[in-house]
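Have a look at these structures, which come just after this line.
Next, two complexes with subunit A in common: one pairs it with subunit B, the other with subunit C.
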Partner chain A sequence: MDSQSYLPVPPGVGMEENFLSLDDILLSHERLPSRTECLFPRLGYLEKSTDSQDIQEGTKMELPLWLAKGLYERKRRVVSIELPKVYREGWRTVFNADPTVVDLHKMGPYYYGLGSQMLHFDSPENPEIAQALLQTFIGRFRRTMDSSQNAYNEDTSALVDRLDSLERDCQPTLLCPFYEFLPRFCK
Partner chain B sequence: YINVLDSLYLCISRAGRTDLIPSIKLRHCCLLRNQRCLSAYLYDRLLRIRALRWEYGSVLPPNIRFHMCSEELQWFNQYKKSLANFMRSVGGEEGLDITQDMKPPKSLYIEVRCLKDHGEFEIDDGTIILLKKNSQHFLPRWKCEQLIRQGVLEHVMS
Partner chain C sequence: MDPTEVEFLAEKEIVKIIPNFSLDKIYLIGGDLGPFNPGLPVQVPVWLALNLKQRQKCRILPPQWMDVDKLEEVREMERKEDSFTPPPSPYYMELTKLLLNHASDNIPKADEIRTLVKDIWDTRIAKLRLSADSFISQQEAHAKLDNLTLMEINTTRSFLLGSLNCMFKLRSNMQPGTSTGKGPDY
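Right after this comes the complex of A and B.
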């Protein structure tokens, strides 16, 4: 399909997901380590490790993001969601030191997307998480822009492989008009 | 959906079974998830079908039509009509075919090679060209664009 005519629904910006965006649907499929904080009667069959008819309070489960978001309530204790390692203090220090070094595609291809969604769960670390996401993006943006604009006719796949999905979306629009412009000057 | 859930919660609290609410909420999330996935799938199909009008023109090849449901075919026809009305309304008396020249053209006439037999083809000055497989022609760009997109002609770059 020609990229010019097919315009899929883009992922949402920040903490909002776009309902019809396929990227956001894939993103919200990611599983998060969680803990139930109340009893879920008659749903024991979802939880393979015990034979109980109900899901007991305090059960550790891996819930997909869409379910975690749907069940989480600020005032009541229904579920508690654990922050994935990449957004915790340890990794935040790494990103602070040098954001360009990390292979963001390997850290789950939706680093920025999932990080933004984690802000829904009212962690006390939210301000730090948000800052880390922003600073990481800023730190990497300059580098990826520079290398991609100076890689005319070279194989950029090694660079692109380490990019998060959001960073990859930024690439084509930046590159195309520039490259179509160049040949006129080279002749 | 939300109204159904609220009235369900009301019945539940009246019956004194509020302990069931977490489970009901979980199942409701699952229903909403399925609804979202289905809606996004169907909507994406429509976006691709819309792109087909720009890629293939107003007549879809039968192998593509085969994969569309009747509602989608109906949607395509209505989209075609909207687009045609719009094109008629711009560009003065004859209207303007905006599905042509989607990229700025570099020259007025182009060299094309015919990839399959397509029969007779009339160009603006009345001349009839026979598009036989492997024949080459020097034709006005705007006449060829759609046939190039359909895979009948191939632009020969010298």
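Right after this comes the complex of A and C.
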């Protein structure tokens, strides 16, 4: 049995993030396209494209998730966040049609995690986003199951590369002993 | 759970051997064994049988179910039914592997038996995967599978539980604010 003295903190459930989870910390580095709704005085040095001293109202910037979550407030409009394109209508239709063909690792290795966090920003499309995440996971379940159970002695990096980090967490780490068992059985 | 642990548990099964030595009854914590008389069959657990065989002190008799005709029947029934049929033995996979690796000279038609057991295993695992797939894709809450052996359960246990955890996380997105059960406080 695996008795570890170091138990990593798992990523949070749904819309919550675990403060000490490394996965969630890395997730919060993802950048979101956003637009400022008010003036940020004397913060012009953060924005490399213009030379002004302040960040003007209506500037389009890319903010990391941790900053966007901290600044976002429903009543006082400080920033407004746009959905990254993978969560928009176009890509949602692709996922509805066939979730298995998409390389989720390329779409940002934290597709499911970031999607869950986007629900904080009260977009009108929230129910559709949540539904799309769940259906994508279910659609890809068969493929991830097949790739995890046929891993013996083959280079499955081509399959594993296309998996999101949540799906990779589902892969069991104890697979190798079983598949050493099987060839001894088959001799 | 490790496959080697399942194998360890399988070694408790009873098998018949014919020793070539003699020994009085031995009293172990788990039960009594013997007495051993040369030429007379005696029932012992598999771990002892394998040990004696490796020291060339006995001959192992194949278990009742390890017979080509019986296994062919089991295989045909397994292929016909959609649900799981009762397996030849609750540890058929491990016992086949252990007995055929160490005592194949005592078991007639060892290669055919190996192929038949592998076919039965493949059919059952395919049914298990189909069942897991439909369980997840229809988002059922409850499933019941009869007649599974420990080794088969072991192959899917961690993956299925991991995926169900992930599904729970994604499903809880759909009801924001109702997830009042907060996790451990980090």
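Going forward, the second predicted complex is superposed on the first by the 162 of 187 C-alpha atoms of A that agree within 3 Å, B and C clash if a C-alpha of one lies under 4 Å from a C-alpha of the other, contacts with A are read in each partner's own complex, and residues count from 1 in each chain.
Rule of thumb we're sticking to: contacts are C-beta pairs under 8 Å (C-beta built on N, C-alpha and C of every residue); 3 or more make two chains touch, one makes a residue touch a chain.
All values derive from a computational prediction rather than experimental measurement.
Student: Who does A:171 touch here: subunit B (first), subunit C (second), both, or neither?
Tutor: Only subunit C is touched by A:171; subunit B is not.
Student: Mind working out whether A:39 is in touch with subunit B, subunit C, both or neither, as first, second, both or neither?
Tutor: The first partner, subunit B, only.
Student: A:58 in the overlay: touching subunit B, subunit C, both, or neither? Say first, second, both or neither.
Tutor: neither
Student: Could you look at A:20 and tell me whether it touches subunit B, subunit C, both or neither (first, second, both, neither)?
Tutor: both
Student: So, does A:127 touch the first partner subunit B, the second partner subunit C, both, or neither?
Tutor: In the superposition, A:127 touches subunit C alone.
Student: Which partner does A:112 reach: the first (subunit B), the second (subunit C), both, or neither?
Tutor: second
Student: Subunit B or subunit C: which reaches more residues on subunit A?
Tutor: C
Student: If we overlay the two complexes on their shared chain A, which of subunit B and subunit C does A:9 touch? Say first, second, both or neither.
Tutor: In the superposition, A:9 touches subunit B and subunit C alike.
Student: Once the two structures are fitted together, what part of subunit A is touched by subunit B and by subunit C alike?
Tutor: Looking at subunit A, the two contact sets intersect at 1, 9, 19-21.
Student: Would you mind writing out the residues of subunit A in touch with subunit C in their complex?
Tutor: So the residues of subunit A in touch with subunit C come to 1, 9, 12-16, 18-21, 112, 115-116, 119, 127, 130-131, 133-134, 137-139, 141-142, 144-146, 148-149, 166-167, 169-172, 174, 177-178, 181, 184-187.
Student: Give every residue of subunit C touching subunit A within the complex, in rising order.
Tutor: 1-5, 7, 93, 96-97, 101, 114, 118, 129, 132-133, 136-137, 139, 154-156, 158-159, 162-163, 165-174, 176, 179, 182-183, 186
Student: Using the touch definition up top, name the residues of subunit A that touch subunit B in the complex.
Tutor: Residues of subunit A touching subunit B: 1-2, 4-9, 19-22, 25, 38-43, 66-67, 70-71, 78.
Student: Residues of subunit B touching subunit A in their complex?
Tutor: 19-20, 22-23, 25-26, 28-30, 32-33, 36-37, 39-40, 43-44, 47-48, 50-51, 54-55, 102
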